[in-house]
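Following are the structures in question.
Next come two complexes built around subunit A: one with subunit B, the other with subunit C.
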Partner chain A sequence: MIQIINGLVYGSFLYVLAVGLVLIFGLRRVTNFAHGGFFMLGAYVSYAVAAYLGFWTGMVVSVAALAAFGVLLDRFVFRPLSSEEPIVTLLVTFGLLFVLEDAVRTIWGKNYISVAAPEALAGSVTIFGSQFPVYRLFVIAVAVTVALGLAIWLRSTRVGLYVRASSVDPVTTGMQGVDTDRLSALVVAIGTGLAGLSGTIAGPLMALSPSMGGYIIIDCFIVVVTGGLTSFTGAFVAALVIGQFHNLGLVYVPEVASVIPLLIMAVVLGLRPQGLAGAGK
Partner chain B sequence: MSDAVTQRKPGVAAAVGAGPRVPTFVVAAAVLAAAGFAVPWLIDSQLALTLMTQAVIYAILATAIGFMIRQNGLTSFGHAAFFGMAVYLMALNGKFDAVPAELAVLAAIAVPAAFAFLAGLIIVRLPALSFSMLTLAVAQSLHELMLRWRELANGDDGMPVRLPSTLFGVDIELFQAPSTMFVVCWVVLVAVIALLTLVARSHFGVLTVAIRENEERTRYVGYHTLVPRALVFALSAAVGGLAGVLFALYNAFATPGALHWSLSGEALIMAVIGGPHAIWGPALGAVVFFVVKDAVGDLTEHWPAIIGATLIVVTVLLPQGVSGLLARFTGRRAASKP
Partner chain C sequence: MIDSKRATILGLSAVVVSATLATSAWAQKEPLKIGVPTALTGTYSQLGDEAKRAVEFAVNEANAAGGVDGRKVEVRFLDTEAKPELARQQAEKLALDGYKIMTATIASGEVLAIGPMLNRWDAMFVATINKANDITGKQCQRRLFRVNRPDNSDAAVVQPWLATRSEAKWAIVAADIAWGRNSGESFSKAAAATGKTIVSENYPPFGSNDYAAHIQKVLDSGAQGVWIALAGRDAITFARQAKQFGLFDKVTTGGVSFTTDGTVKVLGDVVKGIHTIINYSSTLDTPGNKKLVADWAKAYPGDAPTNFQGETYLGMQVIFQAVKKAGSVKPADVAKAMSGGTFETILGTQVMRKEDNQLVGPNYFGTVEAVSGTLQPVVKMTVPAQAATPAPDGSCKL
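So, the complex of A and B:
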């Protein structure tokens, strides 16, 4: 039972990371191969800030810094390359991943760094007769907040409407007078900001290292593709299912756990090539 | 792209057979392969030969990626999966003494190909973007698998590739001394490029280019489109596996690094630098890559940042790569995109 909740924690965390990519894909029809690098950078930034100003300030700074990075990414990478083939953007962001990993390794070194949970969340509670760290419940709460926040924002605000319209058809949305470039800057900023957020909450869950981005991107990409690339609900369901099974795998068959998400994906895509919630071609 | 059309003519000529005339590229390949034998006599430095042997092995991997881009229009960000799979198959066979090493060599080429074919049936149907994401994810999960499964593969410390004293009747020393291994790898590279050129010019090659350009229309004409694309992926994986076999023979050691995304990335960068429009482009890219790597010397500590930046610059400023640039100068074939 406690493992099911742990799976939920991992799934929640994956969702926060993956939904950032879904947002970016919706607007720009490309993916950010450096997303794992942004996640890692977010983790290190909040670690560095938290050492002086505490966990919560670290979180805010990390999200803000990564969002600012997102604006730059959109302005200097996505927008100028939007007339090119998507692969050009993939290659450029992939190059960025190399640069980011090198930068982080140079600044913070390649050793593992462990981060303590903030004091307010350091304890544990008793659930179903076993001890469970409060911090892990907090991760679930963050994911629920992000999911609800996004749902409300997308469904009941004007900007949210534009974002949804744009993810169905960016060209037509632009023709209707929506400034898709400004919208895209906002959405990419939210997407990378979420990478900063997930990097921050990952700190106390797993150790920090420059390779953490390369590790997490496996499940993240699988979740995004399995969910159907553009669907928030699809990403949500895929994150919870894949997070759950990967975590159970880590408990019962730790050696081969890393291939479980692949198998789930193979089954889903074998049956539904467009992904869980993706529209047909 | 005009490529499909210009490719057609030599394709038809090759299919008809065109009498006893030997195609120019076969002559060129034979001359190049022979030239490789001269290299160890011309270059004394073991260090240089070692570096060149590594370069040629990576050139084979880059050629595999380039062929995939050229024939399928799909970019693999995880070709280290096939390379590393071959390395580990060789290593694990040495550990468990399962089959003769000769058979392991063949398996190390066939297994990645079969894996790619089966995976390809699922993932080449996806949009190009998803394909790229998943190749990276698949390679990274194999990397995790070998890293985590310590009893099997000894994790991060890696494992030796135990080889018999002779392979295919040849002294194993031959595969481990730079002066002889360079020639072996060089001949393999030239043969691979010649073979892939032949495939690209065949009916099958033209068909896959047609699918790349417009899958729906090719289907309407009456072709199955899924299997040819999966086959291209399998062929590309086999070539990647072949590079892994050479690596395993030469270094006699396997580490998870052989599966890591940065290796896939480096090979992809070579392909992009060289330009995958020409089948020999990625191999040329590998040469450029290693020359640059040697030149930056002291800065190699920040090598990842350098290659990352190089990838960005080349992608934006030189989308056709060096081979595209050469083609433009010689004016032989308009390799530019419309």
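So, the complex of A and C:
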């Protein structure tokens, strides 16, 4: 049972990172290769701020800084390139990833950094007779909060309605009087802000390094594609399924565990080419 | 006053003349070109950085002393990301550009990918960090040498330590790469030889993000001790997560390349009290090591060479002495001079065994403890060179 919870933790972590990609792809139709770089930058910003002002301030500043970065990204990269072929934007984001990695390497150096969990989350609780870290439960709580927050925002607010409409047909939505450029800036900001949030929660889980985004972004893309590219619900389900099978694979079939996410994606796309919750044609 | 001026002019002239002579001597002889295909990014980037610094230190030191065999030493680094295929490609580039004497690669798999190509490239390689037994075992090559302690040497150190332990049940967590598998197998053999039982074996993928499944398996197995063979980013990520699960508080923990000088610096109290194989320590009391530590502190104030830096520096010493002995920088000549040669190293006089091209040196075991307020691996047991370097098992056919 504890292993199921461990799978849930990894799935939750993947979801928080992947849903930012889903948001950006949904509105801008951009495969943002720099997302792993934003995740990494978020981890470093949070670490740097937390060293002086504590973990929670670090988290807030990281999310805000990355969201601000997202606004600039949308204004000066995505918007000017929106009329270009998708491959152009993809390559630009790929280049941006390297720029971010080198910038972080210059500022913080190449050496690994390890971050302790905040005092309030440093302990453990007993679950099914086993000691389980509170911090890991916090990761699940963050994912649930993000999922609920996004669902409420998208389903119950006017802006959420615009976002959903723009995801389906940005041209018609614009013709109805919605400022899709401002909407895009907002959505990209939320997407990169979520990358900052996932970077922050990754701090006490894994070693910080300029190339840390590369270790997680493949699983993240697998989640997005399996979920159906633009579907928030799909990404949530895919993240939990992939996290769970990946973890159980490590326990029962460790030899093939690393290919399990890819196998799940292949099976899902074989049965439903539009992904778990994709709209299809 | 005039005398003082004259003395100054004479002194400056002497410096200029010496520098000119040195430069002109360097100009007459082919430079010694060292190629370093190493992990400058990725999971082992910190290890690669450490190795790079040690190579640069040794090269600067040699050039400041007039070069090696009157030759200027030049070095070029290329990033391998610790990936065997990329390492082979980068090593080939270096060899084609004339950097045919190579060293300081991080992962064993990289060396095993480079080794078979050395004759074709007319190159040679000196392993300084790589532990897989096969490097000087069944995949040995005439132009492939190793100066660091192989896995079977680590096993020779672990066994006497394990014999002193009361824990009967042990678990293994090792990286799913050549070195990790080797280390796991060696620990299993040492456990069998000392009457211990292995109750859980875990080989997580290289570069994993989440070790919770493996940590939980160890906890559920009833193991009283765990042996860890993870390095670099993997070691740090595992240690942080294991601490959160209380693993280090519940079971005795030991490892290899897990609590190195570098990882201890990053992890601090998380790894206090963990037992570890120590292949090199800046605290070792030998004249050569004391000199290295003193010179290193002059070059990098407040810093001491780490285990990987000490091992890499030792490798550079062996290369320089072999070049001097060969009077040549041709890999074939240097390899010939290196095989069976005797070398003065920071750890004393050591012999490069001609049967398998393995340098015979001592090995150490210790614990992570505070020394003058700073945590570091502290040597508790020294195994002399002959005992620490098991005799060739016959699998190497040179």
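Definition applied: the second predicted complex is superposed on the first by the 274 of 281 C-alpha atoms of A that agree within 3 Å, B and C clash if a C-alpha of one lies under 4 Å from a C-alpha of the other, contacts with A are read in each partner's own complex, and residues count from 1 in each chain.
We take it that a residue touches a chain if its C-beta (ideal position, glycine included) is under 8 Å from a C-beta of that chain, and two chains touch if they have at least 3 such contacts.
The model shown is predicted, which means the values in this text are computed figures rather than measured ones.
K.L.:
Once subunit A from each complex is brought into register, does subunit C clash with subunit B or fit beside it?
P.N.:
Pair status: clash.
K.L.:
A:258 in the overlay: touching subunit B, subunit C, both, or neither? Say first, second, both or neither.
P.N.:
A:258 contacts both subunit B and subunit C.
K.L.:
Does the superposition put A:207 against subunit B (first), subunit C (second), both, or neither?
P.N.:
The second partner, subunit C, only.
K.L.:
Applying the document's definition of touch, where does A:90 land relative to subunit B and subunit C: first, second, both, or neither?
P.N.:
In the superposition, A:90 touches subunit B alone.
K.L.:
Pick one for A:215: touches subunit B only (first), subunit C only (second), both, or neither.
P.N.:
Both subunit B and subunit C are touched by A:215.
K.L.:
Looking at the overlay, what does A:111 touch: subunit B (first), subunit C (second), both, or neither?
P.N.:
After superposing on A, A:111 lies in contact with subunit C but is clear of subunit B.
K.L.:
Touching A:130 in the superposition: subunit B (first), subunit C (second), both, neither?
P.N.:
second
K.L.:
Is A:103 contacted by the first partner subunit B, the second partner subunit C, both or neither?
P.N.:
A:103 contacts subunit B only, not subunit C.
K.L.:
With both complexes overlaid on chain A, does A:40 touch subunit B (first), subunit C (second), both or neither?
P.N.:
neither
K.L.:
Using the touch definition from the top, say if A:188 reaches subunit B (first), subunit C (second), both or neither.
P.N.:
Neither: A:188 stays clear of subunit B and subunit C.
K.L.:
What part of subunit A is shared between its subunit B contacts and its subunit C contacts?
P.N.:
214-215, 219, 254, 257-258
K.L.:
Could you pull out which subunit A residues touch subunit B in their complex?
P.N.:
Touching subunit B from subunit A are residues 25, 29-31, 33, 81, 84, 86-88, 90-92, 94-99, 101-103, 106, 214-215, 217-219, 221-222, 224-225, 229, 254-259, 261-262, 265-266, 269-270, 273.
K.L.:
Contact residues on subunit C for subunit A in the complex?
P.N.:
40-43, 45-46, 49, 176, 202-205, 207, 209-210, 212-214, 216-217, 219-220, 232-233, 236-237, 239-241, 244-246, 262-263, 266-267, 270
K.L.:
Once bound in the complex, which stretches of subunit A touch subunit C?
P.N.:
The contact residues of subunit A facing subunit C are 2-3, 6, 9-10, 13, 110-117, 122, 124, 130-133, 135-136, 204-207, 209-212, 214-216, 219, 247-248, 250-251, 254, 257-258.
K.L.:
List the residues on subunit B that touch subunit A in their complex, please.
P.N.:
Residues 75, 77, 119, 122-123, 125-130, 132-134, 136-138, 140-142, 144-145, 148-152, 260-262, 265, 268-269, 272, 302-305, 307-312, 315-316, 319 of subunit B touch subunit A in their complex.
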